[in-house]
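I've put the structures underneath this note.
Each of the next two complexes has subunit A plus one other chain: subunit B in the first, subunit C in the second.
What follows is the complex of A and B.
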């Protein structure tokens, strides 16, 4: 069958989409990254070093994981405030399991340590999945808006992590075999960061290339249309919140590796970093819009600003102000773009 | 007369204490346009949602090509070739035309989405309906006009060889020229052998395009006539309840 005129113009439109994308949010974000790097390194030459890059990437890792999950949630038209608290809870439960069930202590070595970490990771992810299921249950069964549903699981997760840990971190930072995954092996990348990058790429492809990703956009864009098209909206949202929870669980293990301990407060406030990354990355809190590359760059910008400000000697509190400006700028750019599109 | 593609008998539906449909009968024939008219709250949308499988009926029988069927989910209705184009246009604005037309039934190849095949089928369907107003099937729906969106919604409904297409107020939000376009599209749809049921408040449109007119009044089918055998005044009378239809229902 010959290609029709419409299919041909479809191809040219796709090309146009590509070029649009290039002049879009992601390009702007890459530009911002380059600009930040130039500014910081001209003020402090040491900024351009593998050590700085490693610091930024290590900070980026935990937030990238939850921001990637948050991207799905926000595209679906929801929000997940529980991911920060889930980092703390999953880290604590995982550390508790490793210490009290597996009997991990300071003397653990090599293969044994790897085994313990694997089990710890599974426990951590399982805790995240449980939080995600709870969120989905509240949202689907009781029709509680995601903001409130995840706000309550956030509180509960935080409470449980303090109860289980009795308020103090579980585990000890001094065991090198246990936490070496976070050391810069392939400078500036540590194994942990490499794992994060692999996870981000896989989940990103899942968002943009799979039916699951398409349905996430469809639900966030018009959930009635999705339902009318035969999509099981409740089941899909359950999967989205479970994915977000599971990634928060993985982030919990990542933070455990950084601290060498499961600490109840280790994820506090991280959900806001994740939401900031997603919004800076070009997603709309109305749902239906967002790209994984944007989120990843958004998170990277957050921590580049943070590290850079510290290195050039600005008080860390200014970071919050800069991040606030970035969020406002990102939303302003978005609004301008959609206005242009409407008048075009 | 032929066997109707769709034959509803004694359809009942209530929401709590409110009886919205009180034993409704309706027939739709292949190649014909049946207009479903009635005032607000007469039960038109409820009747349609049951056929779509979105909101199953409480009682009554649904026959499809003479066979009794049960419609509980949109997929069941869709599998029989029953498609609904909703008033609020069930389209996802942030997705493009192809993605909307194939939503929920994407073509896949080796586990990934077969974009090429979907693009080709989408443009063939649009051309089959003589639609020339859209520039590209990869345009986002948010960039389309109201008439173009209606066109996409209708094209979506016939993509998979629909036997019955139900249109809920397809011209409600459109200007004069666009209304004309959509009505022509509706006529072509019926001429291609599809049984079309169209809900409308606009009697001018109804008389222009419909072969049969079915009037709902407070959950009851009060008249079901061939368009040629009635007139606008009578139909208004049936809709408002000021006239009673004495003839035999189609």
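What follows is the complex of A and C.
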């Protein structure tokens, strides 16, 4: 009795420790954001403007959605490599449906396009859910490790998007007002970005305030213990991968809105941006650790670096170097912090 | 022509079977000449340019009665993914290889390997460093296409000497020879004919239209008085068009794109593109296959070592017939 009590208090102390660590990580990330903003705007004064903020937020939107899903997957101890390809596939299927089933061509614009775009969104999310279900099926039924399972669905999604689109972007209904800054000079937010923020907040609360989130952490920390505690691990993982897929489908529609077309080459390599955002945000690829705020800030940092480098006229290849340094630094900070705590 | 033991045995069985069926002795040696297999390894399946090329390749292969093996990465235009594909295709011992090398240096060893194995090699669109043993190199005139893009931008902005103008160029990768050729042609034309135009920046999209849109959005912030954009391929064209639409700048910045993707051709008519420079990928593929078959059958080819197929400018004044002819179609 006292033993289990001790174990429990040790566990809650450890949980507190982890929470603290993650909070620190977020503080550091805000510091990095401020530092980057100071550096870039001192080199290019135009960087400090609503226009730049809009550019960064617009880029952030699609990756934020898949990074938020990826946060759940990584905390559960898995990885989802299929999200980038799902962006391309869901955008293509959605565009194909709007163009060929609804018969809507690219001359349908603005408010007129709302009906088609709404149906397009549903189709896009449905495609994402289907990819997520496939991932979960491969992982649960055939015990394929998530890396390989999602790598194969990634390949299949790539292939299907090229087959359906015949390689060319499919143009259909568009409404660029949804993706443009509400007031370019003052308000950098677009309606699409506001929707992304709402989704991120809801899913974030889901992770940190619900039993669903708690189970995700439990499975990622120790799936055997989670199973012993009565959690249906398979069913829970299915939900996690379906969530990740659905968010990737939503991201596919976001990119569609941005381009006014569904392109099979959209989303290329975006899964790596998402994973980078999650890791920079303080999650551990070993599972069990991670915060939604960290992921959101991590993604914001990625695109601040990207916009900043273009604005100061540095070769875009440097973005990769900067991101690599940030990832290494984020992991190093984590290791140092946990070592300090253990010795203290 | 090299044949593996299995293929050889297979041909033997087929020949024996046809002999048994027809009782005709002449059939015995015919298969050796008829079994022409042409492997065609292109850049990225998801690019409509290669889809249009595939249409031309399949038509010509059917017309010539040869087997076509069409291969390439589904999405990534990169040497890392292309090299293993070329290796795998060569393991099948084709008669000839038509290659669109994604990098002139990185694909050279693969071409050397093919030549050493007795495979006839042709390059289409882009080329490897050493063309001395390559049968022919057929390409669109990228330099000329770049120059035509400069002319189209100058016309749209109403270029006058003494004024100064800012333009940017969106590329896909710093090494693709088509990108380099177009940029060189564009730069040369600007320097000689339009000295008032300065190319203020270039950036890479890595084949992702969303990244192309990102580059253009940031440029529009950095250069508020931007006069023109040269989007060097279809991906950049799609991204740049979307960025102008979302910033509400259609018509106030001259946009000249490359490649006649159907979706982009429609945007010439709605005024988003000033012009599109189109190539004729199907014609390139047809000529490559025709030259190879001619070489196999006669030991020489009438095709020159380097063939340049001119590009055309599609704009608001282009006839519907030309729009139809040059728009990239897929099967």
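Convention: the second predicted complex is superposed on the first by the 300 of 344 C-alpha atoms of A that agree within 3 Å, B and C clash if a C-alpha of one lies under 4 Å from a C-alpha of the other, contacts with A are read in each partner's own complex, and residues count from 1 in each chain.
Here is the rule we use: contacts are C-beta pairs under 8 Å (C-beta built on N, C-alpha and C of every residue); 3 or more make two chains touch, one makes a residue touch a chain.
The structure presented is a predicted model; accordingly, all values stated were derived computationally and were not measured.
Colleague: For A:227, decide between first (touching subunit B), second (touching subunit C), both and neither.
Modeller: first
Colleague: Name the contact category of A:289: first (subunit B only), second (subunit C only), both, or neither.
Modeller: The first partner, subunit B, only.
Colleague: Examine A:304 and indicate which partner it touches, taking first as subunit B and second as subunit C; both and neither are also allowed.
Modeller: A:304: touches no partner chain.
Colleague: Please work out whether A:218 is in contact with subunit B alone, subunit C alone, both, or neither, and reply first, second, both or neither.
Modeller: first
Colleague: Which partner chains sit in contact with A:46 here, subunit B, subunit C, both or neither? Use first/second/both/neither.
Modeller: second
Colleague: Given the superposition on chain A, which partner contacts more residues in subunit A: subunit B or subunit C?
Modeller: Subunit A has more residues touched by C than by the other partner.
Colleague: Which subunit A residues lie in the overlap of the subunit B contact set and the subunit C contact set?
Modeller: In the superposed arrangement, which is not itself an observed complex, subunit A uses no residue for both subunit B and subunit C.
Colleague: In the complex of these two chains, what residues of subunit C are touching subunit A?
Modeller: Counting only subunit C, the residues touching subunit A are 44-48, 50-51, 74-76, 201, 203-204, 206-210, 213-215, 217-222, 235, 238-239, 241-242, 245-248, 261-263, 266-267, 270, 328, 330-331.
Colleague: Would you pull the subunit B residues touching subunit A in the complex into a rising list?
Modeller: 52, 54, 73-75, 78, 84, 86, 88-95, 98-100, 103-106, 108, 112-113, 119-120, 122-124, 126-127, 134-139, 142-143
Colleague: Taking the complex as given, what residues does subunit A use to touch subunit B?
Modeller: Interface residues on subunit A, with respect to subunit B: 1, 3-7, 9-14, 17, 209-211, 214, 217-218, 220-222, 224-231, 288-289, 341.
Colleague: Once bound in the complex, which stretches of subunit A touch subunit C?
Modeller: Touching subunit C from subunit A are residues 44, 46, 49, 51-52, 54-55, 58-59, 62, 88, 106-107, 155, 158-159, 161-162, 165-171, 174, 176, 179-180, 184, 255, 258-261, 263-269, 306-307, 310-311, 313, 316-317.
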